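There are structures below to look over.
After this come two complexes, each holding chain A, first together with chain B and then together with chain C.
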Partner chain A sequence: MRLLSLLAAILAAQQALAEPAVVYSIGGKFDASFNQAAWVGAERFRTETGQGYAEFEPESVAQFEQALRRFARAGNDPVVAIGFLQADAVTKVAAEFPDRRFTIIDMVAEGPNVQSVVFREHEGAYLAGLMAAMASRTGRIGFVGGMDIPLIRRFACAYAQGARSVNPAIEVYVAMTGDTPAAFADPVRGAEIARGQIDRGADVVMQAAGGTGVGVLQAAAEAGVLGIGTDSNQNGLHPGHVLTSVLKRIDVAVHGAFTAAQDGSWKPGVRSLGLAEGGIGIALDEHNRPLVTPRMAAALREASDAIATGRIRVHDLYTDGPCPWG
Partner chain B sequence: MTPLPRWVEYGLMPVLNLALAFLLAGLVVLLIGESPLEAVRHIIYGAFGYGEGIGFTLYYSTNFILTGLAVAVAFHAAQFNIGAEGQAYLGGLGAGLACLALDRHLPWWAILPFAMLGAMVFGMVWGAIPGWLQARRGAHVVITTIMFNFLAASLMGYLIVNHLKVPGNASVQSRTFEPGARLPKLEETMRLLGLDIGGAPLNITFPIALLACLAVWILIWRSKLGYEIRVFGANPTAARYAGIRGVRITVTVMAISGALAGLMAVNPVMGEQNRIFLDIPGGAGFVGIAVALMGRAHPLGIVLAALLFGVLYQGGAELAFEMPSITRDMVVLIQGLAILFAGAMEQLFRPALLQLFAPRGPGRAG
Partner chain C sequence: MFLDILLVLDSTLRISAPLILACLAGLFAERSGVFDIGLEGKMLAAAFAAAATAAVTGSAWLGLVAALGASVFLAMVHGFACITQRGNQIVSGVAINFIAAGATALLGQAWFGQGGRTPSLSGAAKFQDIRLPGAESLAQLPVAGPIWAELISGHKLLVYLAFLAAPASWWVLHRTRFGMRLRAVGENPAAVDTAGISVAWLRYRALIVCGLLCGLSGAYLSTAQGAGFIPNMSAGKGFIALAALIFAKWRPIQALLACLLFGFLDAVAIRLQGFDWFGLGELPSQAVQALPYLLTVILLAGFIGRAVAPRAGGVPYVKER
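Take a look at the complex of A and B:
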């Protein structure tokens, strides 16, 4: 018995010694968005524990598998893969290294030694829609998406649903910037689309467009209306003109995977992060405090609770079929 | 232009250009406080040091050979095809559709001809339209092919998101082909050479690319059409006087160029990812321009240049792994310098070399 616990202690010590690793998605570490949030989480782990980590920034999709395999072979544990593009590579490499642990973020991959972390972004979008509808005086609000992909469509749908829950007659203008990945990096076009929506009467415009969104928020601030940010806290970009930001805590996910592997609480399977788990959040800080009325704050709290407890079901485009709110 | 001896033109000059590029890259590495020799060692080891590395090097080279050939064929008719990227993207659609249609019924060797045909026909159409616009309407092929790259990206995005995507799955890609429809890796062949390519996706497209080199050589230097292409490229007016129809040559050459670029997509679509996905060529179409320039539009030169870029791609990844202070952007910088000196500034040493090696002209004799 004692021998066993000793063995367990040695094993645990060895696991504590293994450096974790992160493989970013295409686009580089400092993309001011997705990858950077992952990096922030990894850095927080480093400052908290004083323990290093390995990382790799792939240039092409062919390098995912190569990078994952290298880290697994070198003994890195856990190996964290960022982004949906890596799903198949993770499934394949995890099967080759059954005694290593893999975490994939923002997508589901298969395997007994794979943890998949996914986000319920639409819950945050619902709350953003609710706030937009309460802040709007014209009864018209806008949404500027980046690339026209299911992820963004799901976002737009939940935004419309949240807005309708406040004002069933509200008009929601939805526009996508483009149909290539470049649509996530075109602030000029983003501003143009936002201006178009503002000209048609929208007085709150939400962005879910990566780098393009910076232009959307800029245009909203210039026109004297409100913008809504996504992914990271963008309230401070134009204080007083950004109603709120929907936070997607990739950093929490990466940090969580690293620390959980270290303290032994890491578990394979799907982890879905939403409002209840703190993986999705609504940013409230000194920059938008004057904009959020007590009535709005109360409605926000109530809706958050209702979503967390399942009383409100936010439409999930992946599983619930086409968007009923157009 | 005064001719240089062939060994200088095709041997010494590219080597000098490359040496200068690597010298500069080495200085940059030195600037950030790392040893350039160490960096070179990692690149060489990553590209050739072990079986899997060699497999990846040749996998990337396969892409670059085919896009390099595509650009080179157009060069010979003085057409500058910037659109290999878009043609390859559309080629990916052709190859992918063939696989999606047949993978539940046929084994890979029966699907491959259809996938190749699909890739080439789709790429061909995407190349021939700018060719026709150039020949008939005078719309410059550089401009139109660039624009066709954007059109290809938009069209593919639309098709994948709205028609090819698996319902209920967030990934922007088609369904994965059945295992039987995937191209076999060259594991056995490489094992005969004593190499274990491990997870590298090197597959049968590599020998196909080498065959394409032979085909292009025969086309350009051993066929009537090739002769017409070269005459037209050298002097369109003289070509017309000789009875060569410019419109036919321009459209044909752009169609062949597009087909070769399209063929490239078989490698990632059927040999690696096994599905239709976003950004299939991944920049190989643009690298192909540098490869064609550096290889002097000759198949042999293209194979060597493609190999060099394969080494830079694969060795660059190794470098980023082994020396964390050399980031991905540094690796791109090194690749960029190679393109700059070997492609864009290839004539840098010509005046000096002319002084040294040019045969004394008969000008003074009279």
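Take a look at the complex of A and C:
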């Protein structure tokens, strides 16, 4: 009997000590992008609560499953997986540990104990389009996507919508880099596409193309026009030549999952983060301050509020059908 | 319209340059009887070496030296595996592609910690455009002015080098003793051996040239056309260069033209995206991007005739006993 109660006490103590864990995506913790943002969110949780967390940096896709399982077995809760590459691993491991909670970020995975955090990136793209249209002197702006997939098309559509909201006559050149995942890692081609758009008169070019986008921003800076970054803050890549960056706040998502699990508000299912939840943002810092006029900043604030409160409805290609803005 | 065409041609030159260099690299290797599908890997390794060195030292020239070194090193690995050890040339080439793809991403992550990327290059760490004399003053002339100013002038040094490399390769292959022996060793190594010339040494030298040209091509990608390395940034260009090599039937000038054609189609594909066809709507991007490949198939099937590879290609040379 005493043994049992002791056991119960130990179990209870373990429950209380259940540390959250995070499994990063490929690329290392300090990749100046996704993983680093996740780490920032986890660190914020640590300083706020004083509670630690476990983490793992996989070297290859094969290690995701192993890492998730190890954390689940060790009692870590919740286990947060970063990036769409982990979807299969999360689905599988979550089924093996039905009493543990899993959160996957930037992808949807199945399971009654799985929370999927996705982003409404198109809301950020709308704001970027708005800023691009206000900054453009030629009335022509460009967009260079990576692989031609619905996610990127949705981005492009909202960008065009945002631009039209300022200048209904604006011309938006949309180009995709390719039809394979390699289209996200071809900066040379990205630069060439951007140059093509710039030659046709575009003076603001947005990229949503991962590694390819580095070439896009480079080409824009070399041609003396403006680029717009995506996902992480790329304003500092070419200070003065990057109008802004659409931020995907992985840190907010990680921090949110950690705290929600702690205060009991964690729920399985899909959780969508947009402007209203602070999951999508527009980067304003010392690098682009001279580029953002007060008028632009005011319009940005207004549109941002309108989207957050639902007064402006940004076209979502997934649910609203084909893009009406070309 | 005239200016549009010029801009497409200008873009063609930029896109073709790395293809030409890689294609000539393959040409030297294959004319000596060593198949090399590791062009892609050598380009990638060179691109990484160039960007990493340029990022650390701030000098594009040191980057170029590193690129040449890395690429020649991989070429020598290929040579050791399939000339000295008489291994399968295709397997060795595939291995080089994999090693390059993995090692560059791994080293890049270990050294720079940016997911395999190198820091962005600017200033002297990158090759700059070369303004040819008179580009500004002649630009006002009709027709010839814009051609000189827009098309011919204002490219990176390596672009000019690529276009000089083709006639130079022709001269080396057809007008020097080394070139003639190299071609002979690709057709009939036994005859070359009978003449008392080392088959292995000739093939090694061909691979050194191949490595140097791939090194230039890789350095161009990361320190001239681009500004920094990104994992897998060669994006299949080595394989396109191989296709161009077959297309050109293993001849230098034809290789130049084939690469120019591929580059031109690519440039057109890029410009045609989102282009409204006289009110008929846009051509889907997939169709535009398939254009170069479609044309290649059609031209290969119907117009250029049979492409015959060097006879001794792919066969390791074994001395008769």
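Simple rule for what comes next: the second predicted complex is superposed on the first by the 234 of 326 C-alpha atoms of A that agree within 3 Å, B and C clash if a C-alpha of one lies under 4 Å from a C-alpha of the other, contacts with A are read in each partner's own complex, and residues count from 1 in each chain.
Here, contacts are C-beta pairs under 8 Å (C-beta built on N, C-alpha and C of every residue); 3 or more make two chains touch, one makes a residue touch a chain.
Quick caveat: nothing in here was measured; it's all calculated off a predicted structure.
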Exercise. Should A:175 be classified as contacting the first partner (chain B), the second (chain C), both, or neither?
Worked result: second
Exercise. Looking at the overlay, does A:139 come into contact with chain B only (first), chain C only (second), both, or neither?
Worked result: neither
Exercise. With the two structures laid over each other on chain A, which partner does A:87 touch: chain B (first), chain C (second), both, or neither?
Worked result: first
Exercise. Just chain B (first), just chain C (second), both, or neither: which does A:239 touch?
Worked result: neither
For this session: In the overlay, answer first, second, both or neither for which of chain B and chain C A:201 touches.
Result: neither
Exercise. Is A:215 contacted by the first partner chain B, the second partner chain C, both or neither?
Worked result: second
For this session: Could you say whether A:57 touches chain B, chain C, both of them, or neither, answering first, second, both or neither?
Result: first
For this session: Identify the partner contact of A:318: answer first if only chain B is touched, second if only chain C is, both if each is, neither if none is.
Result: first
Exercise. Between chain B (first) and chain C (second), which does A:107 come into contact with in this model arrangement: first, second, both, or neither?
Worked result: first
Problem set entry | Overlapping contact positions on chain A, where the chain C interface meets the chain B interface | 28, 148, 178-179, 182
Exercise. What does chain B use to touch chain A in their complex?
Worked result: 52, 56, 59-60, 150, 153-154, 157-158, 161, 165, 168-172, 176, 198-201, 268, 272-273, 277-279, 282-283, 313, 316-317, 320-321, 324, 327-329, 331-332
For this session: Write out the stretch or stretches of chain A touching chain C in their complex.
Result: 26-28, 30-33, 35, 148, 173-176, 178-179, 182, 185-189, 191-193, 195-196, 199, 211, 214-215, 218, 237-238
Problem set entry | Of all residues in chain A, those that touch chain B in their complex | 28-29, 54-63, 65-67, 69-70, 84-85, 87-88, 93, 107, 147-151, 154, 178-182, 318-319
For this session: Could you pull out which chain C residues touch chain A in their complex?
Result: 7, 11, 14-15, 18, 109, 113-117, 120, 221, 225-228, 230-233, 235-236, 267, 270-271, 273-274, 285-286, 289
